[in-house]
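Two complexes follow with chain A in common, the first pairing it with chain B and the second with chain C.
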Partner chain A sequence: MTMAAVTWQRLRPVGRLLAVLVPILLALGLVSVGAIILAGPLAAGFVGDNVPLVRFVAAVTAVILLSIPTAFIVIFLELKVIARMNLRIGPERVGPYGGAMSVVHGLKVLAKEDFTPLGVDVTVFTMAPIVTFVGAIMTMLVIPFAPGLFGLDLNIGLLYLFAMSGLTVVGLLMAGWSSFNKYSLLGGLRSAAQMVSYEIPLTLSLVGIVLLAGTMSLNQLVLGQSGSFLDWNIWKQPLAFLIFFIAGTAEANRTPFDLTEADSELVGGFATEYSGMRFGFFFFAEYVNVFIVSALLVTFFLGGWTAPIAWPFAVTMPSLDPLGLGVGLLLGIAALPVVGTLILAAPFWLSSKITTLQALVIGFILFNVVAVGLVIGYAFVSFDWVVGLFWFFAKAYAFVFLFIWMRATLPRVRIDQLMGFAWKWLLPAALLNIFVTAAAITIVSK
Partner chain B sequence: MSIPETIPIIGASWDDVLFVLFAAVMLGSALLVVTLRDIIRSGLAMIVCFGSLAGLYVLLGSPILAAAQVLVYIGAISVLVLFAIMLTQTKAGPARLVFQTQWWAAALAAVVLVVIFAAVVAATDWGAVAVRVQSTTDAVARLLFSDYTLPFEAVSVLLLAAVIGGIFLAKRDEVRD
Partner chain C sequence: MTTAHTPAGPHASLDDPGVRIEDILRESIVEAVPVGRTERQAEFYTLRDGEMLLNMGPHHPATHGVLRVVLKIDGERVVDIDPVLGYLHRGVEKLCENADYHQAICYTDPLEYISSLFCEWAPVMAFEKLLDVQVPRRAEYIRVMATELNRIASHVLTMGFFALDLGGITPVLYGFIERDEIMEMLASLTGQKLLFNYMRIGGVNGDLNHDFLSRLGDWMSHAARQIEANAGLMNENEILVRRARGLGVLDGDTCLRMAVTGPNIRASGLPFDVRRSHPYSIFPELDFDIPTRNEGDCLARYLLRVDEVKQSLRIIDQCLHQMPDGPVMAKLPRLVRPRPGRAFAAVEGPRGMYAAYVISDGTDQPFRMRIHDPSFVHLQLVTLLTPGNLVADTMAIMASLDPVMGGVDK
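And now, the complex of A and B:
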């Protein structure tokens, strides 16, 4: 065996992954640096002249790119949190605390055979996962993540949202029909019945909020809730929050409403015949949907990116002008890590039990922790979009956790209970909510 | 360097190109709806047709109409149509060529529709109509609840009657002891 083969044999899976990925990333970096130098000025002129078009393209790209890590994080949380709730350990081999497990899942799905069974309607069978995936991620285009950080500020944002989520049902129906399998067909039928039924209370529950805010733009809805956590819509519309939460769970096909792929009754529902990356798209869309429902709950009812309480102390940061330091800046960048490491290592070095090398390593790690903390703290104080992103993702992932908790806890409902609940309880409750809100607004405005 | 107002060689504006694109997709998919032999594929082509119509509404400066089009026609009506097809047919059964038995009725309806459309197109002063307006949610609501209140209410009564009729037809007779 050659030297390279022996080295390859000794590497652990993560090491092998890195050994492949790092050269690719380096090559890509070199190529992009070259491209920036060559085409940079031309591109800058084009961007400056066509801001709306460039913004739109960038937003669509960002949404597609964001959906991948989001799905990975939600899948990992689902594996780990449910394992802990079942008194299991869950994934722990790949990456720290098994954190790269869902990435490996994704690679596995990519590497599997993409099988097309006999008798399927090939065109429709292939289009179905794409329609579902696109319908799911395009809703992210109007969600405001932070002040000024949204794809589009549509004044019909709410309508756009529900129009796009309607596309998901079409994808599931296509998958169920084209698979040529009675379990798939049943899964597709159930998904259509369930989503069409729950879309009505879902949409109607937000009418109260639109009445109060007087706008359908998601960005304006968030701005209207700014202030403290007492200004959030959840206090004005508690019933709507409950309805939206339940109907949203059904729209995202989550337990206890995951009848479209109830494996004890339907094998795998609409996705029974799918394998490889076509199945991967369904899988991705499902977990992106969990995040989207959480993000929408936060946007509509919990103030979006606004902080729960306003920071009580006025913070004025000294205005930093790094270029003003001149050569001093370079010296500072070169000297600061060394000096910081030495200073932080000093107390450990004085202790008799720790060797010099160990003390230096501890000092270096401590310095890194402090430096990263300072940079994040500086960004948190100086840029409002960093604060916005922090609060938005904190709230959204709290709801993701809640959805996973429900999956670990609740049993699945029966199909007749599901439909009866939507039409007999949620729909009248949503109508009552609209009536009460409108009456209250009329009384108050008089 | 900004994008030119018109396309360099052809000389048509971007709006015209988009219009031609959407119109071509719409007419093509509409043809597919009536010519495809597989009824589910016809339904899916109908969804594409509705989608490109929504694109035309956006070009006309009425995004709210486009969103309503997608929401109602794709999200609700098409899905219900597909749902009904799936409930009543099996893929192994005689799903194909069902429509071709009624071609004379379809031809009659098509001829009548063409006559009506031709009359409307000829009677309209297109120069006066073709003014681009930005229709906002507020303006639509104002019109709906001031000038068109009576038609609006009449439509809701009609829909309610249809719902009650549907329930009456679908209701099973009480089982007698």
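And now, the complex of A and C:
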């Protein structure tokens, strides 16, 4: 037996993992350093020449990356909040308070067999989850998350939005038609009927806002609502808010409008025949859609990333210029954690009977907490986009909670009630809203 | 879609590496249209233009067990419906005929597994009539109390599943809280949690114990309030009420024609209740109402069960207060051999009249034993009520009729 084999056998699992990973990472690092040295100037030139293209690619990548934690958080909330409302405990074993449960779900879905049943239209069957997923997450491209933090500031942002959410219907219909299953077919047809019907009041309800703001860019719409919470569109367009909320629930296929996958009627609806990651894409798209509808509600009616109350005192932070410190910066970086840990550990070391090591550990943890708090606090007061992100996500997740609450409470409506509600009530109400808004604008501007 | 595949050329061999089994199978997928064996089946399986057969079950989440329903649908609208039974047939009646009278009781237990005390009571009562045994009064009181508890446990579950089939996920879990408390209670009384096997010929298996009574006392103090609150989640829900009102209306004449019993006939305005119409046990001494409703739709059938729970609580309360002392088992010979003859006994189960008909030939085993199960009768109503409604309504109607497949297939 060679030396290497003996060493390998004596290693523990963690050691074996490291023994494999460290060389790979080293090699990757070397290769990337070499690539940067060789191709760096070339790439820099390309980026400098094609800023819009690079920005677009970066934005799309960011949106796809953002959709994964979003889906995880919404799925976890759904599991936990509904469990609490049902007087159950819900997930609690994986991660803190079961927080990693949805991650494990994702891994499970990835590990499952990618199964294609006999008799399906393979091309359409394979394309359907992709279309649904892409249609759902590309909507996030135009949502302004914070001042200056958006994928694209399209001047026809609204139209882009509805075009993209229209793609979702195509995906569901493709899944329903290609699955070679009658439940899927019924689910697909239901989704087509439902989403096409609800897209009309959804779109029309926003015409009033567009009339008021005079723009279709989502960024401009949010900027138009800045000020205090009294400037939000919900006060000017309450009816539109209600219509958008109801139609948005239907667009996201949420209870009480979750007819497309009604589990007590159609087993799984359009997703009956899907398994593995293809089902995972549908699942992801569904929960990302919940977040997107919440985000759109916040953007259009609740002032987007603007704070509810403008901070009355001007906060001016001393501008830090770390580079001006020179060698002092290096010394500070080296000394601050040590000194901070020692200072924070001192009271514990002096006052109680714990050992020095324990006091140091406590001091180190406290130092980290304080440091992270200070950094976040500094970022909060000095960067607009941190404040914007905070308010945006706070408002959006409040609506996500509301959607989950509805899911726990309400039964499902019937298909004829669903369609009747869209065409007999929501559509006339949306038209009335447009009429009243237009008349008011005409009267006020004269 | 219904064209059978006829291979044009010579048959492809599976030994040929160029031939894949998937391709052969994919080409040979033929929609299986069963040939009707009866006139009704032939009519059902003949599809007109735009119609399609949808096979629901036996493993469908909404069919409450292993019921298979074939729906003939035109779009979302149900044109015709054909329930297919027998997926849970165990031959319980035949098994009972090969067991002696004591053993037969535990075969009848798992018939209506939601409310198994009633499945024991009806055959036990028939056996007692055959043997001419006088059941001690304390045993009768205990029987009534335990079965009424079981009735509540069954009704709260039915109410929850009604909401579940309409898409609400919370009420069924709230219903299970009550059911779980009652099941724990009955477990401490009978020793088992689902199939109690508590009734004996001439009495019950054991006397009341402290654990049961303290659990019962705890539960009775909040039961009415709790069940009312849970029902409020459904009664005051506009979506549920709008879906259930006017759906699957069952009139009194149809009820009588189809031999409907239990909550389903009382929701149609006919106050038929075996406890009052053909009194048995100690029910003549107890004070309770027979709630009725006149609408006869799904909502009425659901609401009637809420009313019945309240009456059951009244009965339990009276039983607790009037409970006499004495033995809980009559004196019986070790080997029971009734005289040749026949006996019929019926009890009012949570789903309707639950009855047993027993013929004795003088041996220690029943010569014939037939069990009348209300679920089987009520399942026939699905064929009457569903056509013309939507696919989603099928589940609502089935849930409101509340069949239990264990009892249907026997």
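Worth pointing out:
The working rule: the second predicted complex is superposed on the first by the 401 of 446 C-alpha atoms of A that agree within 3 Å, B and C clash if a C-alpha of one lies under 4 Å from a C-alpha of the other, contacts with A are read in each partner's own complex, and residues count from 1 in each chain.
Everything that follows uses one rule, which is that contacts are C-beta pairs under 8 Å (C-beta built on N, C-alpha and C of every residue); 3 or more make two chains touch, one makes a residue touch a chain.
Please read these numbers as outputs of a predicted model, since none were measured by experiment.
Once the two complexes are laid over each other on the shared chain, residue contacts for A:118 go to chain C alone; chain B is not touched.
By the document's definition of touching, of the two partners only chain B reaches A:160; chain C does not. Touch criterion met: A:409 reaches chain C, while chain B stays clear of it.
When the two complexes are overlaid on their common chain A, residue A:148 makes contact with neither chain B nor chain C. Legend: residue contacts after superposition of the two complexes on their common chain; A:417 is shown touching chain C, with no touch to chain B. By the touch criterion defined above, A:256 lies against chain C but remains apart from chain B after alignment on the C-alpha atoms of chain A. Judged by the touch definition given at the top, the superposed model places A:50 against chain B, while chain C stays out of reach. Judged by the touch definition given at the top, the superposed model places A:86 against chain C, while chain B stays out of reach.
In the three-chain superposition model, chain A touches chain B and chain C at no common residue.
Here chain B touches chain A in the complex through residues 1-3, 38, 40-41, 44, 47, 63-64, 67-68, 70-71, 74-76, 78-80, 82-83, 86-87, 91, 136-137, going by the rule given at the top.
Of all residues in chain A, only 42, 45-46, 49-50, 53, 121, 123-124, 154-156, 159-160, 162-167, 169-170, 173-174, 176-178, 180, 185, 188-189, 192-193, 195-196, 199, 216 touch chain B in the complex they form. Taken in their complex, chain C has these residues touching chain A: 22, 25-26, 29, 52, 54-55, 60-62, 76, 163-170, 173-174, 177, 233, 237, 239-240, 242-243, 390-393, 395.
Across the interface of their complex, chain C is touched by residues 82, 85-88, 118-119, 182-183, 186, 190, 255-256, 258-259, 262-267, 407-417 of chain A.
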